[in-house]
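Structure incoming, see below.
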Amino acid sequence: MMSGEISVVIVLLDMALLVLIGPLVTGIIQKIKARLQCRQGAGVLQPYRDIRKLLRKGTVQADTASGFFRSIPVLVLAATVAAGALVPVMRAAPPVFPMGDAIMLLGLLALARFLTALGALDAGGAFGGMGASREMTIAPLVEPVLMMVVFSTALAAGTTELGALAAHRGTSWILSWRAADFLGFAAMLVLLPAETGRIPVDNPDTHLELTMLHEGMLLEHSGPGLGCMLLASHARQIVTLGLVSALFFPFGPTESAGAMGLLLGAGAFAVKILVLAGFLALVESSYAKLRLFRVPQYLGVGFVCALTALALRIL
Amino acid sequence: MSSPPDPAILLTGTILMASCYGAGALTLVLARWSGRLAIAAGHVAALAGAVAGLGVSLGVLLGDQGRTLTLPLPVLFPFARLSLSMDGLSAYFLLVISLVAIAAALYGPAYLRAHSPDAGRARQAAQVLALNVFLGCMSFLCCAGDALTFLLCWEGMTLASYVLVVSDDRDGENARAGHLYMVMAHGGTALLFIAFFALTERAGAFDFAALRAAAGGLDATTRTALFFLALGGFATKAGVVPLHVWLPRAHPAAPSHVSALMSGVMLKVAIYGILRFAFDLLAPVTGPLPPSWGWTVLVLGTTSAVVGVLYALQQHDLKRLLAFHSVENVGIILIGVGLAMVLCRREAAGVALATLALTAALLHTLNHAAFKGLLFLGAGSVLCRTHVRNMEELGGLARRMPWTTGLFLLGAVAISALPPLNGFVSEWLTFQALLGGAGHFHGPAGLAIVLSAAMLALTGGLAAACFAKAFGVTFFGRPRTSHAEHATEAPASMIAGMVWLGALCVVLGVAPGYAVRLLDAPTAALLDGPGASAVVSIRGPLVLSAELALTGTGATAISMTVLTALLIALAALAWALRRGSSGVARREAPTWTCGMSPTERFDYTATAFAKPLRLVFAALYRPRREVTRETAGTPYVASRIHYYGEVVDVAETQVYHRVQRGITLLSRIIRLRSTGRIHGYIGFVLGALFVALLLFGVGR
Amino acid sequence: MRAHGAGAEDPVSTEMVHAIIDDIGALLLFTMILIVAAGQVYRAIYAVAAQSLLIAIAGGVLAAATGNIDLWVIAGITLVVKAIVLPSVLHWVVRRMNVRREVEPVIPIAATLALAVVIVVMSFHLSASLGTVRQAITGNALPVGIALTLTGVLVMATRMTALTQMVGLFASENGIFFTAMAVTQGMPLIIEIGVILDVILAALVMTIMVLRVRSTVDADIADLDRLRG
Amino acid sequence: MAETLLWVLPLVPTATALLMLTTRDRRILSALDIGGSTVLLALTLVLVRGVASGGPRTFGVFRVDDLGLVFLLLLVVCTLAVSIYTVGWLKQAVAVGNMKGESLRSYFVLVHAFVATMVVTVLADNLGVLWIAMEGTTITSAVLIGYHGHHHGLEAAWKYIIVTTIGISFGLFGTVLIYAAAADVHAGAGAMSWSAIMAVAPRLDPGIVRIGFIFVMVGYGTKAGLAPMHLWLPDAHSQAPTPVSALLSGVLIKCALLGIIRFQTIASAACGSKFPAEVLLVFGLTSIVVATPFILAQHDLKRLLGYHSVEHVGIVALGLGFGGPVGTYGALLHVMNHGITKALAFFAAGTAIARYGSRDMRIIRGLLAVAPVGATLLMFAALSLAGVPPFSIFVSELLVLRAGIGQGHFVAIAIFLAMVVIIFAGLLHHAGAMAFGQPAATAGREAEAPSPLLGMLLLAAIMLLLGLTIPASFDGLLRRATEVIVG
């Protein structure tokens, strides 16, 4: 029944790859932003350095936090990375042994977000609460639209398994794109900043209570814990980008081919990610952050696009 | 898989269950000597009954499919022959009931002692009696083989739960809640009476077989009318929007383990009724079900899901919040049911899809029973340790009640439909079914189905937000009042009850295939299709797969088991990472509050947490908000600011209150206008005679 | 009792009986109108007495016609009890408790009269609508009876004081008696006597209560309306 | 044997009453009271067995068939319960001063005279005798209603006696017409005996029977408390001493119903069963609808129960109107169930009222706290009146419902159910408010007296039994009674 089957090893390889290049993407985005702002900016490897530093440090834990607090970064990281295992990176086919599909992926990301919010509340204090509240306000509005985008492609493919999706779309994607695909992609582009926690929805560079969503929740984490959280947010970002690439322009061997095909896929993936990263950087440096209560309208644009995509797909 | 058990054993099991519940009901006499003794004995009996029920249901479900187990009851009423008959569907719901009942029975005694130590004997006796009657009625309602048994159990169930609601605490609030509940239940039952008797009078008999036969001869309109009557009756009980208003009042009022039963199980009994009517009793002999049925149910379900969770978000009473989530989850179940109705008995693709949808619904029934039961029990242990239901007055319980916290968190993750727990499984199946349905119906119908999928996604997200709030504010941060300050962990027997349900949540989440196996009998029976596992877990119990049967690039398959393993492995890795590469010690410091010394006033409150969403959905909430500021002399210095805000149920205020006020006012007026003069009396007699003579007397 | 259809030796022919009964019926209706129109309690009482007298006469006529002994007895009893005893009792009561002599209507007497007319028309229309009754009940006895009964009750409904209500009650029972006598077969004697005894008993109880209320609270019992709703 | 019983049965209460004239001592009076009722019950049971074996029996103007037996059973059971209840109730009433010690004898005598007249109404075969006995019940009970002597009581009694006497005289007129019709075809004194008329019923002149039945329906309907002739009922039933209220509401209105049923059988034989059914249906529905608002907005506990009698009589009429074996069976069962339940309700209400010294339901609060057993019984009675299982009325209402749906009277059913639900809401509201909450300071805290409880428990037991099952013997009785009506 499966068109092509990829061995578990490669799946795990994908996953590892994602985790490893996650910070790099962030670094690249930062670099591009700096350039666009006519700054030198930090090196693209800065995120790695940050994480290494944090992992070395000791932790300062809030005295009100409960025993759960320490385990939260761990679980968040695990959930995010596990989501990474569901994204086809250098393949365009489902794995031998089924693990999860797009819905599962979104579920895992939601799990990570949920745990992050809990962690923020655990320490008490206003920042965490505010961050969690805002994050949990935006998330329920993003998820359905994301889900609709997934559906709009899944309906064509008849499956929500990303590998199978990719396989169905085939590598000759750009030729086979229909109006629905364009609209879906547009919706996806609108959602990307929200899902990756960037301007105009969130501002990753500050805890300022006026602007932050995600960062506020990390305030009480420190040392290795914070490191895990940062790593997780990098991973989350690249996983989201990976989801886009898998949904709209998959590339890679559909058969469990040799190393050559895999390398080709990996290269293609890198290119796609770079493009998307550039897009994000562009948006981030050309827009201002929206007021919290403007965000629903902003997402509304995405919703309409996704809905139209669905309509075009079904009707 | 297992050899079909001997019917005799099952019969004995059924009788055993009956006698256990009966005995439990009779333990109320022990209250004559000691209330605590009565409570204990009654719950033990209930536990035994539940175990027996579990055994029986498993026996039927794992036994050879399609066999119906029948057991005639002693003739009570000359005009009807009472009987029990258990097929896959009944057995499955019996299973659900028994699973939760076990937890409730474990949990109950300690809870009642801790929560209301001053309870009088009469009250304890009433509670024991009502609890066992409640469980017994629910169990036998699902096994009812005829209309009268069904209705008697139905009424018994309502009455018993009413007693439990009003018995918990005799302040006016419970009495009012119970009143509203009882009245609406009665109204629903009235509809059921019509639906049933319209069939029995055609059939001339009460047993379901005869009703089926009678329904065969119905014309389309009558059939649909009857279905909607029944749907109205059951929807009232299931708390479907807009018939839900009683639910968030009555469920929290009951003792927590009863709340768990009411929310986790009693609503499902109504689902059972809908399924029984739609697929079994009223289903046309051939051809698909009338489309109006399924679509109505689908729409109702979607509405309930969204409205339920939206109102839940704005609740600060822990148990009311959970009750509103029951509305939401019933909605999710109904989405699956409605989809199954729409799809069933269409061409081949339909059968598989319908099976998928029904599997999703039934599985969610079980899952919701598990995690909602767990959550109510958790809320119960918080309640009985702090005697506070308003989460604004709680906080910081994680350090004081670690077990309760952990188990509640488990339930929260499950109900938020997050992997790797059971809530996600059934919602995943629902999504797949919806996608399949959307692909199956092209055109507007398909679009509607996808939209309800989107609504389902929205529901999931909001549920997560809601429980981030509920859990975080209740258990994390600093204790806001001395109630929370001095809380201690709940007694072991209560923990045991919660652990039972928690384990259920994990097992159903990690290895759902085994639960799907249990669904073979009911799904095959209702849809005369291949049965659940043939559709959903073809590749063994560890893999869930959904054949969307569209362009056929193959089924979507996920494996909760593998994924959980992966999660655990990764968590282990991450833990190693987190321990840090250096051995620098961990130290504690106060939470960062911009340099001020933090107090509990700094912690985010539930109201504040839910505020953004309240503003986003203000159009629907119509929130009431009053801010009064006392200024000290100059208007620029506010000495204190009072804030009062509440979100009221629109259906309740806009519809129910008006109707009620209208009726009351009308009757008051009529009563005050009525004369006390004898001349009026005589006049009425004379008038009656005069009119009667003109109406009936004049020869025609 | 006699079998159906009186024999040839009857002193008066059936047609004649019909004629007489109809005439008496007319007179009864007239008295009824008097009762309705009566502005004084005494007049009402006298009218009832007259009515009872007429009924006694009717009884006599029918007895003569059918030669039915029972009817004689009934006629006698009616004469004594309803034409003499009960009216005088009422008379006594009125004097005993010196109430105002005027009848106090609830609705204007003219309206009551109108209603009475409606009732009469209705009852004739009714009995006309079922043709075959005539042989079972002599002449116009049925419509007249219905009219009297209902009008009597009408009087009860539209008069303030308890006494006038009792008057109305007797009037309506007169209607019943008239019809009962006119049943060609005649009623069984015991029944009639039982009925009359009951009427007397009821009258007795009512009188007692009227007086009792007079004595305890100085009000007319028919005016009490504290129990309502 | 059974024949002799026919004339012995009415004599039992009469004799009891006469015996009572010999003493003034309350204990002896109560003893006689209970003794007389017990004998009555025993003899009735003998009669039931006799009829079950040997069919209907006739003796002069008396006749007993299964139809009558249903009502007779109700009568004797309630009488016994009343006697038991009276013992304790009287003690309390005398203590408070509601009853004057010296006038007790006349009270007891009147009660038994009342019972005697009711026995006669049930056993009467001759329609004239039926009428006489009916009027007899009016007179005796009127005196009992006014017994307390305060002018509320007198007012109620006056309204009662006037209105019902009017009604009864209509009944007499109807009887006369039916007789006239019967005498036409049947000739002879037999023309007044129900059984004889039934023999020739199909040949009766339909027109005159129709008029006659309408008169009887309105006349006896007044006595039975069918709307809109019911207005006297709440007054009378609320003002009478509690045991008398129980007899009035529980039994007397049922006797009137029996009268209606007797004529209904004649009418349906003469002019087809559709005509009387229609009439009954209309009056039944009217009663249910009319009773509703008064139940909702009621503050006086005993008036509330009075209006419930209106509602339930309406339900019985509805059942008879739906007709058919099911409906009639249900109606008869409802007669029994409502009689028992309503008596129980009045008893429980009476004790509560005595405890709080007020009939205002806004004052009776927190009964469960001060009198758990009594409160529970009150709740039971209320739930049963509201038609909740496992109490008896549920079963009979269910049968009436079945009949209605079976006959396709969907509009009537819709109205009926709507009203039942609304009434349920009101009743539950009242009962819940009385039972729960904190008791008022005025509430008497003394322990619950045994004898009233005994009387109530007797009735409650029957109520529960009939709710859980219908014994075969009783079922047989009801079936045969149904055959008497439906044929």
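In order of appearance the chains are A, B, C and D, and numbering begins at 1 in each one.
The criterion applied here is as follows: a contact is a pair of C-beta atoms (placed from the backbone, for glycine too) under 8 Å apart; a residue touches a chain by one contact, two chains touch by 3 or more.
This one's a predicted model, so the numbers in the text were calculated from it and none came from an experiment.
Participant: Which chain's mean C-alpha position is nearest the mean C-alpha position of the whole protein set?
Facilitator: B
Participant: Distance between chain B and chain D based on Cα centroids, please, to the nearest Å.
Facilitator: Result: the chain centres lie 44 Å from each other.
Participant: Chain A to chain C: how many Å between their CA centres?
Facilitator: 100
Participant: Distance from the CA centroid of chain C to that of chain D, rounded to the nearest Å?
Facilitator: Taking the average C-alpha coordinate of chain C and of chain D, the gap between them is 31 Å.
Participant: What whole-Å value do you get for the distance between chain A and chain D if each is reduced to the mean of its CA atoms?
Facilitator: 78
Participant: In chain A, what residues contact two or more other chains?
Facilitator: Residue numbers touching two or more other chains: none in chain A.
Participant: By residue number and range, which residues of chain D touch two or more other chains?
Facilitator: Residue numbers touching two or more other chains: 158-159, 162, 166, 170, 207, 210-211, 235, 294, 297-298.
Participant: For chain B, write out the residues touching at least two other chains, lowest number first.
Facilitator: 671, 674, 676, 678, 682, 685, 689, 693, 697, 699
Participant: I'd like to see which chains touch which, written out pair by pair.
Facilitator: So, checking each combination of chains, I get A-B, B-C, B-D, C-D as the touching pairs.
Participant: In their complex, what parts of chain D are in touch with chain B?
Facilitator: Per the stated touch rule, the residues are 158-159, 162-163, 166-167, 170, 207, 210-211, 214-215, 217-218, 221-222, 228-229, 231-232, 235, 275, 278-279, 282, 292-294, 296-298, 326, 329, 368, 372, 383, 386, 388-390, 394-395, 398-399, 401-402, 405-406, 413, 417-418, 420-422, 424-425, 428-429, 432-433, 436-437, 468-470, 472, 475, 479.
Participant: Under the stated contact criterion, what part of chain C meets chain D in this complex?
Facilitator: The touching residues are 1, 3-4, 126-127, 129-133, 135-137, 142, 145-146, 149, 153, 156, 162, 165, 169, 172-173, 175-176, 179-180, 183-185, 187-188, 190-191, 194-195, 198, 201-202, 205-206, 209, 212-213, 216-217, 219, 221-222, 224-227, 229.
Participant: List the residues on chain B that touch chain A in their complex, please.
Facilitator: Residue list for chain B touching chain A: 396, 398-399, 402, 405, 409, 413, 416-419, 424, 428, 431-432, 435, 438-439, 442-444, 446-447, 450-451, 453-455, 457-458, 460-462, 464-465, 467-469, 471-473, 475-478, 539, 543, 545, 548-559, 562-563, 566-568, 570-571, 573-575, 577-582, 584-593, 598, 600, 602-604, 608-613, 615-616.
Participant: Please give the residue numbers of chain B that touch chain D in the complex, ascending.
Facilitator: 76-79, 122, 151-152, 155-156, 159, 166, 170-172, 174-175, 178-179, 182-183, 186-187, 190, 193-194, 197-198, 200-201, 663-664, 666-668, 670-671, 674, 676, 678, 680-682, 684-685, 687-689, 692-693, 695-697, 699
Participant: Going by the contact rule at the top, pick out the chain C residues touching chain B in the complex.
Facilitator: The contact residues of chain C facing chain B are 106, 119, 122, 125-126, 129-131, 150, 153-154, 156-160, 165, 222, 224-229.
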